[in-house]
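Next up, some structures in structure tokens.
Presented sequentially are two complexes of chain A, the first with chain B as partner and the second with chain C.
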Partner chain A sequence: MQITVIVALALLVLTAIGFLVGRRRATRVASGQPSALHSLPSYYGYYIAIWTGLPALTLLFAYGSFGSSLVNILTMGELEREAAPLIRAYEADLSESPDYQTLNEALGQIETEIEATRNALEQARQARGPVDGYQRDLGELTLDRNDVSDAIENLREQIAFAVAARAPDSVAGHRARAGFEYWRARPDRRDLFIADARAIAFQEGFPSRVTPTLNAAGAAMVPWESLFRWSFAGAALALAVGGLTWARGQVSAGFRARNRVEGVISIVLFATSVIAILTTLGIVLSLVFESIRFFAAIEWRIHEFLFGLQWSPQIGIRADQVGQTGAFGAVPLFAGTALITVIAMCVAVPVGLFSAIYLSEYASPKFRSVAKPVLEILAGVPTVVYGFFALLTVGPFLREFAIFLGYEDAVTQSALSAGLVMGVMIIPFVSSLSDDVINAVPQSLRDGAYAMGATKSEAVRQVVLPAALPGIVGAILLAVSRAIGETMIVVMAAGPGANLTANPLESVTTITVQIVMLITGDQEFSSAKTLSAFALALVLFTLTLLLNIVALRVVERFRERYE
Partner chain B sequence: MSKATSIRDAVSARLPRRHRAERRFQAYGLAAIVMAVIFLAFLVGSIIIQSVPAFTAHRLTLPVMLTEDLVDPRGDRSEASLRRGSYNSAMQAALREQFPGIESRTELRELFGLYSAINSARLLSQVVEDPDLVGQTIEFEFPISDDADLYLKGQTVDERREAGRAPITLTVDGETVTLRGDEPVFAVFSDRLRQAMTQRAEADEAEAARLIATLDRIIDRDEREVTDAQIERAQRRAERLRLQLADASGLQLGPRDPSLLVRAGETVIAIRSISSDGQTAQGEILLPAGLGPRRVSDWVLWEIETPAATRLITDRQIVFTRTLRDRGLVRNGFNTLLFVNADSREPELAGVRGAFVGSILTMVVTMLLAVPIGVGAAIYLEEFAPKNPVTAFIEVNINNLAAVPSIVFGLLGLAVYINIFGLPRSTPLVGGMVLAIMTLPTVIISSRAALKAVPPSIREAALGVGASKTQAVFHHVLPLALPGMLTGSIIGLAQALGETAPLLMIGMVAFVADPPFFGLSGFTEPATVMPVQIFIWSTSAERAFEARTAAAILVLLTLMIVFNAVAIYLRRRYERRW
Partner chain C sequence: MADIEFLDTSSEPRGDTLYHPVTVGYETKVATQGVSVRYGEKVALKDVTMDIPSRAVTACIGPSGCGKSTFLRAINRMNDTIDNAQVSGSVLIDGEEVNDRSVDPVVLRARVGMVFQKPNPFPKTIYENVAYGPKIHGLAGDRDQLDGIVETSLKKAGLWDEVADRLTHPGTSLSGGQQQRLVIARAIAVNPEVILMDEPCSALDPIATARIEELIDELRENYTLIIVTHSMAQAARVSQMTAFFHLGALVEYGPTEEIFTNPRDQRTQDYITGRFG
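Entry: the complex of A and B
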């Protein structure tokens, strides 16, 4: 790290020197006649500075991003090669172990039985026959399979332990053991292994444990790391100096330095705007890719995900479900999201719309200049603050109120409290968007209405609002998309229970709440449970995208009509 | 003619109604705005009120004897030896000194529950810094446990105290004490309690009856079971109360009833039973101070109305706390720990500094990424981009990104930055990168607006005197648009500062006990940020975190107000209208 920083600083100094050299060189070439130059002298400076700094810094950045993983791959490859005898011994022991054979056979048998039962269950389902028996069988078989897999895993562990113990107690032995341990580890354990080894070798944070194998792996990393560090540092500096000399040689009176520099600038500017596309691409690809993995994990029962009525991803093994994937029927989440959104809209649309009408049609400029920022503060308050307010003030109040009215089962985390508070948060979106739309309605329409003898409110109700309706609908759609995607208020105030209900006093859950629950829970990235968060996010993304596109279209149409 | 009059009549007849409608309509509009403003005031007001208790804290000051055999086991004053010392024992000894009669294990456990042992770490660092303290007695100040603090603030426990009406005689028999008043001195309390118990029993019976009535209507088996269980619970509660009330020998007090203490000087007795005439009571000594059989006329009847079962502080701890306060050892003061400490599992030690530093580090990353990229993209799109499908696609993309739910950006960060690029989880670096792509559309849109506001005449004049396009933009348009761009960027950053959901996705919700290092290496160490800290605290079980959450919210809001004030100042100061 240290050396990289020093090299980066040196490169910056070299770049500055490059600039000065370029400018000096240009004046010298012009031999006292600046007008003979194609560009201003400083453009030659910029040109040389770009050639000095840009390639070298790119190289350094590449090293910073990929250097350590390169070192990890090389070191672990080396260690795994040294562990080859151990790996061979381990595999030989495994294939010779009679227990292992029997267990594997048992596992295969159970797998076939599961497959058969599952097919029978599917047939029974299609024939609308009784399925309870199959489901029970399936549950038991799954339990059996887990037992057998555990036993296999234990056996492997034992054999591996015995094999590793055979390695000599020397440096080479430790290295071999480290390679062997790494080779056997699951992907996430591998990451941890590398992180620990790095922590020991380079003091990058604190290792979670210190073992001889980790020490050996760390020690093995050091030579590679220093090799790369020094060679990259040298290469970067050489590149900088080379770039400087080469670019300096290019400088002549007729050299079109400004055009070159401007070319680089416009490429950089274009690159920055492409990042927006890359972000969208990244979102779509990562969501789609992980969703595909999720659907593969639930065996392509996409219809079950979209139309299933039961959501319980946390439960590991359920007799009535396929394998151990839990139940992934997302309808309760969609319904909960819809319920909370509807409640929020019931608050936000009337209040927001009436505020907008008042502000644009009635309010004095002075009142407007005060009221508008105050409304906008509502949009600026962090949503976690709304969540806290809903959880500790609104929720208990509504609960007490409901109990007072005679509804005994009221809960603190209700759809109503989340919806109400979210509605307040959305008021400024509705009001400022509608305000814009109402202001865009031409004055001539109002004047026409007044000429017919309409009062102000009649003009608003019968002329301005109908004219502005498409725009207002667009604004409401944007607000709906905002409400659907809102997370913190519902995480804190709506609760995690996936109830399928239309009762606003009960606790419901939403798409965003479940995404948070699934991702912040215990992390095992490739489990169906975690992956389902991506499928939910894909639904959320698609939904908000559609709403947004429709809303923007509607607003655009409306604008065109009056411009 | 008559027709015209009739129309005019009809119109003027309708006029009052129309005017009323007009006024009504206007009132609705005003009401809507007033409602929004009232809600805002209510939101801010309730948070301020909730935060008040967090700004003060009760601290205990004890003379702690740093005896050599406790804190310096090897006796050579070396740091290694001092670090092995048992500082908590020194603190425990100091606390025991205050209550000489407390010997039994349970009593001591309750006594030591008045503070958390982590406080000894500060004592340790104090001694390590100045080894000469060994062998001395120092005044050590540390926060009292959150339960005792809340009790002293009167937030968790209701109590009332009144002077004893008539002298009582105390007879001690081992652990039990019999108190006999000259008059039925306990009668007021026992009557009140009986009344309350009767009411509770009646309420439970009514509840059970109501549930039994609903039982016929319930078809679902699960729901039926739940209701059955509820009925049984209500009946059992009522039964227990009835039994307690029916006891002819007197009133037995359990943990579900209010506690009654008798305090005479330094002696405190917890009453366990009261005779039915209210004249005699039996109790257990909580705090002894040379107790023998005697007659007391100056005593206090101390009723803790919150039952022991529903509070986290025991009777004895209440007595300890109050005694320490009466001795002037517990004092209330400004809660500086809230601002100088990082997060802690103990509410009395938890502070916002860690999250504050984390927020700043994260914002630095966000700013360094979002502002240059956003401004660059805005310049390209507004000034250079040719009208072609690629540009149109970029524009559509930016508009859509502005409406993507923030949590989706978090998932992008998780899938791409962490799982593909292998960047470290929970760190300000990744958090800042996620927030940067989230803020990018805001920065681009506001920067474009700022560029659009620069009149074309500026560009034309620059081009007219021979500047290239790039020169015109960078030398003339950009300086004029910069204040507007800056304002938009700051507002975007303020938004990012309050964002929580995407950071939960990349693991910034982890518990981080040390504030991140305020420097280059801090960017790649696990950290948390203010809004996430608020979320973590708000989901904590301890009651004391409630006020601290509100206080953290105030800190965050102050930070955001500062951001926005800077933006408004810049706009006012440099805004130019053409």
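Entry: the complex of A and C
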């Protein structure tokens, strides 16, 4: 790593030198008359600096991003080639082993029986007949299958061990064994293997274990790594020097350095905006792919996910449990999200809109100058503080109040308390956006209304608000999308129970709460339970994206009309 | 505003340079006496006294910032809507004090319509734009009556033929000149006595301008019009009386012909011949 840092510093120095060289050269070409040059001397400096630094740094950056994976691929490919005899021997031993064949046949039989039982169960379910017997059978068969699979895995392990033992106890033998181990490993174990080997070879963190094979793999990486490191460092420096020399040769009085630099600037700006877009795209794609994994895990019953009425992803505790996939009907979450959002909007829209109307149409400049910043402070309160407020103040109060009114089942974590507090959180959002739109309504419309003999409230109600309506609708839609995506308040105040209810005094859960519950803590990212979080996130993302698009379109249309 | 003098509008002309409308054959509709307007510290209008004739067009001309728009807004108390505006002096319409505490500006503005520089149709349909005034002032008893008012107003504004088949379209869908005529129809719909026009043609092309000027001439038969304009030619074409304002003061006021052919004040002379402004 150090060599790369040194090269990067050297490149920066070269770039600075390139600038000075370019400026000096330009001055000399102009022979003391700067007006003879097409551009100011410093532009020639920038031009040469760009040619010195940009390609070389790009190369170095590419090495930093992809260099180590390149090394890994090359090393492991080399080791796997060396392991070819072992692999051949292993495959031969496996196919010759009578136990292996018997076990495989047994496994095939059990799979067929499972399939048959499953079909029978499905039929019984549709016929609404008794299903308990089938379910018991299915459970036993699954246990059997797992036993046979374990036996097969053990046998493979034994044979592999025996084959590996046959390799000589030399460097070449360890290398072959490393390639063999890597070849047999599952993808996630492969990653771990490489990480451990790198840790041993380059002191990148601590290895999870140290074995002769890992040592051999690590040692095999070292030559590749140093080859790449030195050749990339050399190439970058050569590129820098070459760029400097070439660009210096370009400098002449008529050379349009200023326009060239301008061109590079626009390319750099374009590249940064592309990075922003690609990042977003990457996030979306990772969501999509993980969601696809989830849908595959629930056997593509997407309709069940979108329209199912029962949400209990935590059911599967043991892998061999019947129905271990859990129930992934997300409707209770959608309904809970909708309920809380509706409650929040019931608070935020009237209060936010009316305060915006008051501030922009009625308030004296003095009051406005105090009230606007105060509203904006409300927007700056961290949502976790709102969460406390909902959980410790509003929730208990609402519960007491509901009990006082005779509703005995009231709970502290209710949709109402989460919704009310979320509404308060969104007030400044609605009011500040609406205030902007109302202020954007031309004064001439108000004058027109007053000149017709309208009172203030008539002018506001009949002329200003209709004119501002598209913008206000846009503001409300943006607020809704914020309410849907809000997490902290609902995590603290709404509760985790996926109840399908329209009663605001009961506890409901939202999409965001469930994502938090599913992802936090120690989770393995291969079970349907954890993966369902990504599918939920995808739904959430799609929802807010659509709302934002609609809101922006509406606001844009408003802008076209009055500006 | 404490001491309001009620003027005898039938008396002789006031001031040396001012013509009494009666002397040129009209009755007085609006009479102002010492009207001054201040926006905070800035004096926008100083002591304007003039009598404006009924059923005629009075043009207010003068360079930008001379107070002519402020004068217009003093007549229907539109200056009330500006926070720091202070109005003193007296404005009489048919001998009735406009600035009196008992006068409701809302009712006053139904009597004194106003048309602005930029066409400002409300974000409503063409029909609703014209029906707006009659509705808020309760002028129509039923739907038929309202339809009648809308039709008459649009006809008077010369817009009926163009929009009769699309009354439900938004007012903003019309062209600039049509919008300005729609706004005039909207003002006419409450049957005002006086119509104030603040540079009504400055945002329009020559053809639309000619159409509005024609309309102003027609409206003169039934209404008292006061129009602020930057175009000397327009003032000469449409008005019977012309007032020249300069630096917030009324410099000269008289029959249009006389102002343009034989101005008494040097500043008027300079302005209409284009030497400043």
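In this section, the second predicted complex is superposed on the first by the 380 of 563 C-alpha atoms of A that agree within 3 Å, B and C clash if a C-alpha of one lies under 4 Å from a C-alpha of the other, contacts with A are read in each partner's own complex, and residues count from 1 in each chain.
In this text, a contact is a pair of C-beta atoms (placed from the backbone, for glycine too) under 8 Å apart; a residue touches a chain by one contact, two chains touch by 3 or more.
As the structure is a prediction and not an experimental result, all values here were calculated from the model.
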item	value
Touching partner for A:391 - first (chain B), second (chain C), both, neither	first
Chain B versus chain C as contact partner of A:274, first or second or both or neither	first
Partner chain(s) touched by A:448 [first = chain B, second = chain C, both, neither]	second
Chain B versus chain C as contact partner of A:489, first or second or both or neither	neither
Which of chain B and chain C A:458 touches, first, second, both or neither	both
Touching partner for A:537 - first (chain B), second (chain C), both, neither	first
Superposed model, chain A: greater residue contact from chain B or chain C	B
Set intersection of chain A contacts, chain C complex versus chain B complex	453, 455, 458
Contact footprint of chain A on chain B as seen in their complex	11, 18-19, 21-22, 24-26, 28-33, 35-37, 39-40, 43, 46-47, 50, 372-374, 376-377, 379-381, 384-385, 393-394, 397-401, 403-412, 414-416, 419, 421-422, 437, 440-441, 444, 468-470, 474, 494-495, 497-501, 504-505, 507, 509, 520, 525, 531-532, 534-535, 538-539, 546, 549-550, 553, 556-557, 560, 564
Touching residues on chain A, where the partner in the complex is chain C	364-365, 442, 444-455, 458, 462-463, 466-467, 469, 561
Complex contact set, residues of chain A against chain B	5, 65, 69, 191, 205, 258, 262, 265-266, 268-277, 279-280, 282-283, 286-287, 289-290, 350-355, 357-359, 361-362, 371, 374-375, 377-378, 380-389, 391-393, 424, 427, 453, 455-458, 460-461, 478, 481-482, 484-488, 491-492, 512, 515-516, 519-520, 523, 525, 533-534, 537, 540-541, 544-545, 548-549, 552
List of chain C residues in touch with chain A within their complex	76, 78, 81, 83, 106-110, 113-114, 116-118, 120-124, 132-133, 136-137, 172, 183, 186-187, 190
